[in-house]
Amino acid sequence: MIKVGIIGATGYAGGELVRLLLNHRDAEIVWYGSRSYIDQKYGEVYRNMFRLVENVCRDDNLAELAEQVDVIFTATPQGFLAGVLTEEILSKVRVVDLSADYRLQDVAIYEKWYGIEHKSPQFIPEAVYGLCEINRGRITEKTRLVANPGCYTTCAILTAYPLVKEGLIDTDTLIVDAKSGTSGAGRGAKVNNLFCEVNENIKAYSVASHRHTPEIEEQLGYAAGRGVMINFTPHLVPMNRGILVTEYAKLIRKADGSLPSCEEVRAAYDKYYREERFVRVLEQGVCPETRWVEGSNYVDVNFCIDERTGRVIMMGALDNLVKGAAGQAVQNMNLLFGRPEDEGLELVPCFP
Amino acid sequence: MIKVGIIGATGYAGGELVRLLLNHRDAEIVWYGSRSYIDQKYGEVYRNMFRLVENVCRDDNLAELAEQVDVIFTATPQGFLAGVLTEEILSKVRVVDLSADYRLQDVAIYEKWYGIEHKSPQFIPEAVYGLCEINRGRITEKTRLVANPGCYTTCAILTAYPLVKEGLIDTDTLIVDAKSGTSGAGRGAKVNNLFCEVNENIKAYSVASHRHTPEIEEQLGYAAGRGVMINFTPHLVPMNRGILVTEYAKLIRKADGSLPSCEEVRAAYDKYYREERFVRVLEQGVCPETRWVEGSNYVDVNFCIDERTGRVIMMGALDNLVKGAAGQAVQNMNLLFGRPEDEGLELVPCFP
Amino acid sequence: MIKVGIIGATGYAGGELVRLLLNHRDAEIVWYGSRSYIDQKYGEVYRNMFRLVENVCRDDNLAELAEQVDVIFTATPQGFLAGVLTEEILSKVRVVDLSADYRLQDVAIYEKWYGIEHKSPQFIPEAVYGLCEINRGRITEKTRLVANPGCYTTCAILTAYPLVKEGLIDTDTLIVDAKSGTSGAGRGAKVNNLFCEVNENIKAYSVASHRHTPEIEEQLGYAAGRGVMINFTPHLVPMNRGILVTEYAKLIRKADGSLPSCEEVRAAYDKYYREERFVRVLEQGVCPETRWVEGSNYVDVNFCIDERTGRVIMMGALDNLVKGAAGQAVQNMNLLFGRPEDEGLELVPCFP
Amino acid sequence: MIKVGIIGATGYAGGELVRLLLNHRDAEIVWYGSRSYIDQKYGEVYRNMFRLVENVCRDDNLAELAEQVDVIFTATPQGFLAGVLTEEILSKVRVVDLSADYRLQDVAIYEKWYGIEHKSPQFIPEAVYGLCEINRGRITEKTRLVANPGCYTTCAILTAYPLVKEGLIDTDTLIVDAKSGTSGAGRGAKVNNLFCEVNENIKAYSVASHRHTPEIEEQLGYAAGRGVMINFTPHLVPMNRGILVTEYAKLIRKADGSLPSCEEVRAAYDKYYREERFVRVLEQGVCPETRWVEGSNYVDVNFCIDERTGRVIMMGALDNLVKGAAGQAVQNMNLLFGRPEDEGLELVPCFP
């Protein structure tokens, strides 16, 4: 039985971790950390957990926690983990970090986009970017620190990855237009996230400046074998869960000037995802929709070629709290401890 | 392994049955019946099931089905099952009926409220009303036909049952004001259920004439040991899932003229529900909310005494597709086949 | 031109006052008071007003304001106006108070239900309860202080008023089950009002303790000519605007034991509302729905008699920000200044 | 008084026309045409109109209608008007067509994208594309036939127009990612538009094949002075009203290799929109949101330059039923009859 501690257990991603781990055969949560609700019963903060969780919320003492558990999930604000992580902690416990602290290999880029100083850059090199479908081989029983990818990022990368990797698209033309449900904005009490402000509305935000941009660029850059620079525009949608990305890029024409065929593009997707448990390449002509993945760890992807413009429109959908956060974190935990990758993640999407 | 056939597999309740049974260790769906989608792949009708269900939809031949399966779920319009059920079918297979055909013992009441002739009243006496928490003892390996309760009914009955049974309230004063999500209205293409007609709106409907009324009255009548007549008013709420009932009744004063105390009322709830896996009596002062049971088989109940008016306000919440339909049907199936009652129903409510 | 000052202009009711008054031929807003946004442009707080309102928000100096305007609307927290109102202010300016400070004639009841001391009870006797359809005669060019009714209250009272006034129902049996959109909860940054907490949920709150209860009781008491005590249960619905009330009461049987007929009950509604500009008694069998009044000053009412139980179910719907707040306040202003009662309120309900 | 007939009065755009025209000083609706509801009272189909409209719905006899009214609005399916329009009708009455029948000057493109034969191409040349801000000079008291622009189109064109017209962007790189509320899908009873199918979901649809594509291309082509070919991707959002477009294009570098500055781009917007009553260029850094224009005829636009990629991200928001349909149609009517362009359109956006 894997002993688990969660720091930030009362945010939405933390709550989803609890939901998933309660149904995980090999995991037991022994520490519900939440600065805002110390000493309150967890089942009173999230009443869906009434009678399911009897624990009270505790503070976020990582050193103490490292003595008690096998793995710590940190679903905390940017900069928190970087500020408290030590070699001693890492020597005792594995850490899956749901924040951005160890996602970017270049600390300067982190400090520029996040606007904070990184307090423990010495751990960045060993951190593994936990996008299991791509980095599976590096997430092993020896890995100490996993940087769990962002929600937008997971969706944006997995949707474009095969075409970037196979050199089918011109990454200089890549544009990611993303739409997210409101749970991605967190549970903080802000006027902008009130029901009446979000309902019956759609807006773009953080245009040309959203922090997930360099994360997408870095990872797609590895796939491309060269630097990638994109436009990424997130939008807020009046729904609880779900991310949809719509991505645009010029297809690279073949020597004879023709575009890659639909079959060729599909073959690229199949090459990387045919065996994947959690990525579903949809049938031709079917667009991904967030409702079909809600509550599950699936990413649905598909594409459409526009012969007129020579562009391919790539689309992907996932549940931001599952594959975009807690589900992927559990998937990483399974890999860290040599468990079946889908343990606790056999979730059938819930509709309607 | 229990072999299962579903008639009406492409309605919302049918879809939920599929979701639940896919995660049931001892059940296997071998027949997806759907008149509207014959020969179409089930995973194309409900794309959340893509790659999870490879079957195609089939017609609703009950006789043939009886040869192939151990239990049939009928999630069909009123009158369908009554029109096709035969002794021969019942001799071969168990039936859990999610329609109202066998819920009312008095066929005259059925025909009056539903406005259709009952074609096989001979099976009514043997049908067991499948409200497991109350009728558990009668749902056994010998039961052939289970009348799975309605969604409003389950919520309305379980919320009031302990107080009616213990004689704490005057049932002549009982009023049930119910609120339901829109999945309860089904998947039929009707203008009234379009997004723009339901969204940003609340309305009452079927006032003083909703068909679940006599069902609530009959079952509470058994508990009261006398006839019960209530007002029941359903409302349509702009959300996918969930039923909330708010029930009002005069508390019966004690010999000294005083009202039953909060502790006495609570003791009644505890008496019937303390051991129940799926009924949660909330802590004092906490109102049930549909969000805390969504996706699960729980019913959350609680009450508030108004000393000023001498009334008790009882409240209950459930997920209409789970405890109000498919979940309860699976619970009944488990009882029919001697399985643990919560097999396949260990669902943690999903929030947000 | 009536010069208007608004205190609390950046709450939802304040914002709606601005929307209505911008289209009012005879009114001009000269003061946008908002403690939270002092010196900010109003059109930046509510960007729908961009280019329509150039004013900046100001503090809430009532004494200064009284020199500049003809009427002050206070859309402020309970206790605010009572704390600052003086004879001098009232001698210079009319006040329409959207808070509860002067709605209840019995200050003890106010202090009990609101839990605060009333700082200026001396003005209570002269305050007129501004439910125009009932108190129109008392809202004149001589009135100095109008207590604008609450949103739930307006809907609850107007729905039952004719039957109470005509003695058709037993007020001891009256139950008001109310459902409200979320704008009624205000624009404060609270976790409970976040999109993800309200969306896909319905709940009751303040059961047997909501502050609008004594207000309904007092006003219906005047109509009944005796004390009235009710149960009132508000519910929060995932929509922006709208209140629906469903009210239950026993009809008083006639000397021969029969119930009042549908025509007799309807005649009572017609007696009071036939000439009313803003109350629509719907056709038989049609239930009020909030969508049909959204954005307008209408109240839609109707009823259904249940012969079985001898009860009448009364229903009413309004827009909580219009007839339930700002619209009714403008209606009161029109009466105070001798303008046509519907000036600025010729709003066609906006659907969908 | 302008006498108005509406064909298709019971669709959502038709209903909005009624709402707007009821508040228009100079217009009177004398014919509510609706094939689906012939002889039913309009106020029963749209109960917001109860007591406001006493007319019954009538058939769609254009010849008869031409005798009775000054202007006909056709809010009808594609192909309807083209099938019935005659020289005789046009000689008697002005027509504002909300369908696509006369929007495209090239009939071959119409027939290809709409998949139907055009029955009266002889009227195409005289039809004026009724995008008032751009074609105002051509919509005069002599114009007989106005092709009212599509909802997506209005938003897409107005958002990019100044930059295209001024040659600031490379139109070969133009991508339009659009998001629409569900009223744009119409009031037809389709499973895909049911509440439970749309709610809690976002999806792209008609990718690379939506019919508004050639309309955008034709109009932007006029502005560019050369052919324009774009990618246009519409998405369905769980809200009633509103369209948001997010548009991407490469800025054309100046001779010295530098990008146009923020001021230069803004100057282009101001050049075309400074005097416009219904286009609001927002302040720097403020993104358009659909909530701020709801219920009004405004289009809010803004842009953001990404120095990293050399692209400009343009954004626009409007209410698809007002500026995207009925509001623009009334604006056109005002121009046709020499009335002030904003008559009946002084609508303050309604929030929340």
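Just so it is clear, A, B, C and D label the chains in written order, and each chain counts residues from 1 on its own.
Everything below uses one rule, namely that a contact is a pair of C-beta atoms (placed from the backbone, for glycine too) under 8 Å apart; a residue touches a chain by one contact, two chains touch by 3 or more.
Just so you know, these numbers come straight off a predicted model, no measurement behind them.
J.: Mind listing the chains that sit against subunit B and also against subunit C?
T.: Common neighbours, subunit B/subunit C: A, D.
J.: Between A-B and A-D, which chain pair shares more contacting C-beta pairs?
T.: A-D
J.: So the centre of each chain is just the mean of its C-alpha atoms; given that, what is the distance between subunit A and subunit B in Å?
T.: Spacing between the chain centres: roughly 37 Å.
J.: Counting in whole Å, what is the centre-to-centre distance of subunit A and subunit C, each centre being its mean C-alpha position?
T.: That pair's centroid distance is 46 Å.
J.: Give, as an integer number of Å, the spacing between the C-alpha centres of subunit D and subunit A.
T.: 38
J.: Could you list the positions in subunit B whose residues touch two or more of the other chains?
T.: Residues 12, 183, 196-197, 199-200, 238-241, 289, 291, 294, 352 of subunit B each touch two or more of the other chains.
J.: Can you check the complex and tell me which residues of subunit D touch subunit B?
T.: By the definition above, subunit D touches subunit B via 12, 182-183, 187, 189-191, 193-200, 238-240.
J.: Can you check the complex and tell me which residues of subunit B touch subunit C?
T.: 173, 175, 177, 179, 181, 196-197, 199-205, 207-208, 229-231, 233, 235, 237-242, 244, 246, 248, 287-291, 294, 304-306, 308-309, 311, 313, 315, 317, 352
J.: Quick one: which bits of subunit B touch subunit A in the complex? Just the residue numbers, please.
T.: Within the complex, subunit B contacts subunit A at residues 12, 15, 19, 22-23, 44, 46-52, 183, 200, 240-241, 280, 282-283, 286, 289, 291-296, 300, 346, 348-352.
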